[in-house]
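In what follows, chain A forms one complex with chain B and a second complex with chain C.
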Partner chain A sequence: MIHYFLKRVISLLPVWIGITIFAFFLGLVSPGDPVYLSLTRDGITEPSEAMVNAKRAELGLDLPYHIQYVNWINRVIRGDFGKSIYDNEEIKAEMLRRMPVTLKLAFSAFVITVVAGLGIGAVMAATRDTILDRFLRQLCTLMVSIPGFCMAIILIAIFSECFHLLPTSGMEGVKSFIMPSLVLSMGTIGTSARLSRSNFIGEISKQYVLVASAKGMSKSFIGTWHIFKNAMIPIITFFGLYFAGILGGSAVIESIFALPGMGSYVIDAIYNRDYFIIQAFVLLTGTIYVLSNLLIDMLYFLINPRMKQGDSL
Partner chain B sequence: MKMKRMEAMPFMILGAIVLITILAPLLAPFDPEMIDMQNRLSAPTAAHILGTDSLGRDTFSRVLYGGRQSILLAFAATLISMGIGTAVGFVAGYYGGKADLLITGISNVFLGIPGVSIMVAFAGVLGPGMNSLLIAVTVNSWVGFSRIVRGEVMQLKHANFIEGMKSVGASDGWIFIRHVLPNLSDSLIILFATKVGSVVLSVASLSYLGLGLQPPAPDWAIMISDARPYFREHPLLMAAPGAAIITFVWSVHAIGDYMRDKLDVNKGANDAL
Partner chain C sequence: MHYDIQMADVTIEFALKSKRVSAVDQVNVTFKAGKITGVIGETGSGKSVLGMSILQLLPKQACISGTCFFGHKDLYALDAESMRKIRGQEIGLIVQNPNEALNPVRTIGRQLMEPLIKHFDVSRTEARKTVEAHLRCFGFEMPKKVMQQYTFQMSGGMNQRLIAIMGLICHPSWLIADEPTKGLDAILRRSIYDVFWEIRQHYTQSMIVITHDLFFAKKLCEQIVVMYQGEIVEIGEAKKVLTTPLHPYTKGLLMATPKAGMTPIPDHLNPSHESRCKFYSRCQFASAKCKVQFVELREIDPDTMVRCILYD
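Take a look at the complex of A and B:
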């Protein structure tokens, strides 16, 4: 177990380093000089050459790129993403305030995806090629095809404006997360249900199911236990990939529902061309994703007995 | 393969939408960007069959024009991604070794950053607009193609007919174009359809937030965003472009599903994408 864990960490480390290089690179290619931008923030100051140079040296932006990268990494590891160019606030403090909102949203959307995706997939596999199966398949395709913001507007119209059940925006406890997480999970439910269906069907047609039913086990027992457990093995890895989509998609959904998460922060930052925040966002979402992948790898290890015996898959 | 009528529907719908979009300048009764404040927020009339928006622009004409930029963008960006992804995936799968290690490493980095984060980052750094969307989508999508191609090429390269071609002295380029590419076409077509649909959706989300295509361009997502304040009194303003975008993406996805079922290649692997 520990051996496997370390192996995964070592294989994910280069990925994480790559993500940091990508995030650093974003800062380099951004047009506009961050030094000049931060000095002219008030709209009145017209900085002199000397002021610009002094600020540049202060921020360490006059050093060669690879040294800048090492300096940057050193700060970033300690959570220091610098200050917002726009309002001079510490990015770290703001991100820490906002991260729980994003994680809560992404996690609840992920749970909805897993439950609904597996559920719909199992129903489709059990009623294979009937009208219900065909209907659900069409529904899944439709769910993948509706833009999140359209769905958000429809839900707001129904639940907020018509029935006054849920808040349209902002933070009012658990209620505020219901619509955003539904909208966020909608697309991935469609794809994951389809995937679960084909995995369940693939599993049903295997021989051990026939053997189990020949031995007189009830159909529902075979269905709920043997098939489910085995079909889960490939499905888990795909759910891991979907988590990336959910995490990224939360930026758009947070903005629509005005949730104060990392995503709405970065989108506001884009309007202000606040590059350090964009950099921090890419790095943080990338890191969260790498960590969640590690978690899923471990789950995979626990659920798949073949891994424990050291079989290479 | 002969199609049933139901199966042909998405193809016909997609064809119709693409045709209408291309012919929009001939079909539209009004200039989609013509402002007419005398006639703002008008209900459907004989002249404006879907009414007008808050600046008096004809909704029907704007819907006809509304797919031009995003559909073109999605097709162009996905084609470029497919080209890059196929070439890179072939090199990785065919030559293996260090090239494969390097390419797989780079691919894993791009897989490790959520797609929307990449798009948001590029829109933020390069400024919103067509070019940054094109770059963002390409950076984001090539990995999907290269992964599939790499996997299939690795299986293919030991096939007898490829070994045979090599033994009679065919060049790698020739083998790629004449023998590998035709074998990949099924997977590539399916992935292409899936990607075009999702690219249109993500571009629409960015445009809705003001980070993608820019007003006053007649674009479906921008129209929906503009219509938001008038949603209750003038639902058509939002319903018309909303229906257009959903129908378009649905037909692309339905075609992808159809191809997947018919061609039945690598079922599990493609379902995930």
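Take a look at the complex of A and C:
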């Protein structure tokens, strides 16, 4: 177990380093000079050459890129993302304030994806080729093809405008997360349901299912204790990928529903060319992604006895 | 109480997209309790379909007509729950391909214990004890360890024995074995023979063994049913059928064994549409009589039946 864990950590380390490099250079290549922008944020000051150079030196932006990168990594590892160029606020404090919102949103969307995806997939497999199965299949296609913002508008129209059940924007507790997480999970529910369906159906025709029925086990027992675990193994890997998609998609959804998460923060930052924030966001979401992948890998290891066998060898 | 399994007018068809394919055609046969009956025939002769139909384990597309009485119950007419109670508890199944027959991610112990718990409502401890005893009986020296392992950690021979235990763990009065020697090498074939001998000695003598392995059938079975294209063409005592066969097809099967020089049954000797006999196109004994007469399964003596006009 520990052996496998270390192996995974080592193999994910280059990915994480790649993300840091990417996050860093994203800042460098984005248009606009952050030094100039930060000095002119009040809209009146026209900084002199000397002021620009002094500020540049203060931020360490006059150094060669690789040294800037090392300095940045050094700070970032200690949790110091610098200050917003735009309003001079600590990025770390702001991120910490906003991270729970994004994580809550992403996790609830992820849980909905897993539960609904597997559930709908299982129902489709069990009622294979009936009207219900066909209807759900169409529904899945629909869910995959409607863009998130479009779905958001439809849901707002129904639940906020028509029935006044849910808030359209802002934070009002759990209620505020219902629509955003639904919208965020919708596409992945569609794909994961179809994936689960084909996996479940693939398992139903395996011989161990026949053997279990021949022993006199009931359908529900076979479904829960035999088929489910087998079908899960290939699906788990995909859920890891879906989580990344959900995390990325949350930025847009947060903006639509005006949720004060990391996503809406970074979108504002993009408008303001506040590139330290963008760097921090890319790095943080990248790190969360790597960690969740590690978690999925470990889950995969736990559920699949063949892995343990390979590990002990 | 050991009942016979009596099949009457059994016809099984598969409804495929464009057409219906007949797998079993008007079969009448009684499998006698206390006897090992071998059902032999080529692949596609309908012998496996016939065997699986007894436990209602055919795919959804199968349409069954006729009756299959087990005591006073018609197995074909049973609802799902009553059928479930028969499976494993009264009629057990030993499947082919032992390496793929067990759930790869469920421990062997759990898979062996679950039918005991389901059928007899025993505690886990009791179930575990029973399983351990059976494992020991079938040559596993460390049953506790085996129970915690998975099928992929077992050898082919071990999986074979596990599959056999799986079929008989609840001590059913009947066992159906579907091609137990299919795809196995000579050593494994010998070991499976020992397994069946063990079952016969200690568990049950009422068995239906579906096989294309004539050597295996000859060693194990007392009665033989020969199937060709969904029909029974010969029924008789095993020794008689496999040494002095009556039907031209059975003769051909015996000629095709390695011992007899592997002479294959010829094909396309006669245009098949000319006769009602399904074997006509491949039959070396076919005559003008075969074209006109209706060929039925006929009793030769109380134990023997054959479907061929040569014996009218």
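Of note:
In this text, the second predicted complex is superposed on the first by the 310 of 313 C-alpha atoms of A that agree within 3 Å, B and C clash if a C-alpha of one lies under 4 Å from a C-alpha of the other, contacts with A are read in each partner's own complex, and residues count from 1 in each chain.
Assume a contact is a pair of C-beta atoms (placed from the backbone, for glycine too) under 8 Å apart; a residue touches a chain by one contact, two chains touch by 3 or more.
For clarity, every value in this text was computed on a predicted model and none was experimentally measured.
In the superposed model, A:298 makes contact with neither chain B nor chain C. Shared-chain residue A:286: touches chain B; no touch with chain C. Of the two partner chains placed around the shared chain by superposition, chain B is the only one that A:267 touches, whereas chain C remains out of contact. When the two structures are aligned on the shared chain, A:16 is found in touch with chain B, with no touch to chain C. By the touch criterion defined above, A:63 lies against neither chain B nor chain C after alignment on the C-alpha atoms of chain A. Contact with chain C, but none with chain B, is seen for A:215 once the two complexes are overlaid on the shared chain.
Touching more residues of chain A than its counterpart among chain B and chain C is B.
When both complexes are overlaid on chain A, the residue A:251 reaches chain B alone and has no touch with chain C. Counting contacts as defined above, no chain A residue meets chain B in one complex and chain C in the other.
On the side of chain A, the complex with chain B involves touching residues 14-16, 18-19, 21-22, 26, 29-31, 137, 141-142, 144-150, 153, 157, 161, 187, 191, 194-195, 198-199, 202, 234, 238, 241, 244-245, 247-249, 251-252, 255-256, 266-267, 269-271, 273, 275, 278, 281-282, 285-286, 289-290, 293. Put simply, chain B touches chain A in their complex at residues 105-106, 108-109, 111-118, 120-121, 123-128, 197, 201, 204-206, 208-211, 221, 224-225, 228, 231-232, 238, 242, 245-246, 249-250, 252-254, 257, 267-268, 271-272.
Of all residues in chain A, those touching chain C in their complex are 206-208, 210-219, 221, 225-226, 229-230, 233, 303-306, 309. Against chain A, in their complex, chain C makes its touches with residues 55, 57, 80, 84-89, 92-93, 95, 97, 100-107, 111, 114-115, 118-119, 150, 152-153, 163, 166-167, 169-170.
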